[in-house]
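Here come two complexes built around subunit A, the first alongside subunit B, the second alongside subunit C.
Moving on to the complex of A and B:
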């Protein structure tokens, strides 16, 4: 999932300082699951913004709604009557959700309430960790299902480096060395031969720095 | 601020604090009249949104009272309640409202005296803090 975290409330309050009526839109997708932008968080943000405004002696009218996913136009369209009524929309979606709302409602200010931080998963309740670097050219079949692109600080493909100390990365004693994890996993699978394979330089053109990426599946296009 | 009469809302678990309030009543134990009780089925039922809205509506102080740790009727409700209280305290801090205005207490259903003590202690604390910055806004 896409993992996001809330922006400081006062920062969001600053974005809407000239508005009198706003729509706070939660997302039922990834940001709900990472407990940053679901129904509860949308209600919390709306109440917080009203409180801050009340302390200034001014009123802020808020409407709150949560849609199934902000990254799909049909769900985005479903709130058009509510969007029409407000000065600005505050989105608790990831960066994708904010942009889909902004593109769909061309004359509306759509403002982000979250910082989108990484693609990851829930390692335990309340704790999320990065797992995928979205490099566009997956090599997990060679590394025992552990990604050196994102989990190694240097993204090296032929590791570990000299900074691997007792299974930890030199950048932080709490960060496991990805290549140590790969060694342990391959060892457990009796496939240490894979770690001896040399990986030539990766094709980074498929990565984000290669420009805007898109994907098309012909049979699904209407 | 001696004439300041705070508005305090106490969210009380049915299995402990609310029962303790009854015990306090039966024992004719007096406690601060500023405290308004709201019965909840378990302290773990408390919703952070409800706490925040209580402040928004003008409460000067809010506390959640649940069972003694380890004694929750629903096993971990009181632990979750404490975590939610901590979460809302952080938000209150961000908003410029003293996090001390929100508290979590644990007691058993038999502790009528303790219930009154908590109500009095918390009321005194809020009286010292003065009115909420949202009062009269």
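Moving on to the complex of A and C:
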């Protein structure tokens, strides 16, 4: 999933300081699962913004709604009547959600309430961790299912580098060295031949360096 | 001869090579480099120029290398993968060669988190082993990384790489060294050796795989300035091992600097006896003036 975290409340309050009526939109997708932008978080954000505004001696009217996924136009369209009524929309979707709302409601100011951080998963209750670098050319079949592109701070493909000690990354003693993990996994699987192979320079044109990416599945296009 | 550099000549003649290391200044003057060149000239076979080490902005390693060469010291220009993509790196490789640089040391580079611009975006378009392969390809295959031919005046570098026998997993370090040799490394400079027993074990594994016959291994030595400095390296510097007894010896010494020099000399004398070691690399960053004394005391000149 895409993992996001709340922006500081004062930052969000600053975005809407000139508004009197806002719509706070939660997302039932990834940001709901990572407990940053679901129904509960949307209600809490609206309440907090109202309180902050009240402390300034002014009033803020908030409406709150949560849609199934902000990254799909049909769900985005489903709140059009509510959007019409407000000065601005505050989205608790990821960066994709904010943009889909802004693209759909062209005359409306759509503001982000979250910082979108990474593509990852839940490692334990309340803790999420990055796993995929979205590089567009998966090499997990060569690395024992552990991604060096995103889990190594230097994205090196022929690791581990000289800063790996006691299984930890040199930049953070709490972070496991991805290549150490790869080494252990391949060793346990009796596939160390894979780490001895030279991985040539990667083709980064398939990641964001190559420009905006899109995907088309012909048989699904209407 | 692949490059014709002095360092390559010394090593290929089977002489015990001595290299030192300089960190360029954090300003735009060649003054310190000229001073260092004067101190080191005649004492060492070549001098490494670090490439923004610990991710702190410094005068460029290529420019610094030219200053050293103009003052009679052969440079080993270090190139890291942190700050440049393959386009900029190949461009700089052509440029540096056109300025007379012949020795190149390929490294990943310290992460920017340790430097004075932790907000910087790192590049790591290619890694250190891919860099070695790229430089070798430009020299031996006369091709840019993309496969396009370098029609004339291809750069012919003497290609260096680093090995850290003190990083983990220990048993993989020799295999990674082999990867670097296969990619095209001609010589290797190791991380500073304080734990000589571990280095002995490393070299034993190197010899078992016959790697010392495929590459020149230059062992890293760093003179300790004080017990405090030793403690700092032990606790704070990633990928280094400093045994407690070494720190205790420094603590007990009346003159810690003199003791540090003495230890470095003893280490060099020990290292010289290890089969497969082709030279020493003395890394006395910010203490360059001590290098001639160590070289002389160790009987290397």
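FYI, the second predicted complex is superposed on the first by the 222 of 222 C-alpha atoms of A that agree within 3 Å, B and C clash if a C-alpha of one lies under 4 Å from a C-alpha of the other, contacts with A are read in each partner's own complex, and residues count from 1 in each chain.
Heads up, the rule we're going with is that contacts are C-beta pairs under 8 Å (C-beta built on N, C-alpha and C of every residue); 3 or more make two chains touch, one makes a residue touch a chain.
Since the structure is predicted, the reported quantities are computational estimates derived from the model, not experimental observations.
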{"item": "Fit-or-clash call for subunit B and subunit C when the two complexes are aligned on subunit A", "value": "fit"}
{"item": "Which of subunit B and subunit C A:157 touches, first, second, both or neither", "value": "second"}
{"item": "Touching partner for A:204 - first (subunit B), second (subunit C), both, neither", "value": "second"}
{"item": "Touching partner for A:180 - first (subunit B), second (subunit C), both, neither", "value": "second"}
{"item": "Partner chain in contact with A:8 - subunit B first, subunit C second, else both or neither", "value": "first"}
{"item": "Partner, of subunit C and subunit B, that touches more residues belonging to subunit A", "value": "C"}
{"item": "Which superposed partner A:63 touches (first subunit B, second subunit C, both, neither)", "value": "neither"}
{"item": "Touching partner for A:48 - first (subunit B), second (subunit C), both, neither", "value": "first"}
{"item": "Subunit B versus subunit C as contact partner of A:196, first or second or both or neither", "value": "second"}
{"item": "Partner chain(s) touched by A:170 [first = subunit B, second = subunit C, both, neither]", "value": "second"}
{"item": "Superposed arrangement (fit on chain A Cα atoms) - minimum subunit B/subunit C Cα distance in Å", "value": "26"}
{"item": "Shared subunit A contacts, counted only where both subunit B and subunit C touch the same residue", "value": "none"}
{"item": "In the complex, subunit A residues that touch subunit B", "value": "8-10, 40, 43-44, 47-48, 50-52, 54-55, 57"}
{"item": "Sites on subunit B touched by subunit A in the complex", "value": "47-49, 52-53, 55-56, 91, 94-97, 133-134, 137"}
{"item": "Partner subunit A, residues of subunit C touching it in the complex", "value": "81-82, 86, 108-111, 113-114, 122, 124-130, 133-134, 145, 162-164, 166-169, 172, 175-176, 178-179, 182-183, 191, 238-239"}
{"item": "Interface residues, subunit A side, partner subunit C - complex", "value": "153-167, 170-171, 177, 180, 183-184, 192, 195-196, 198-202, 204"}
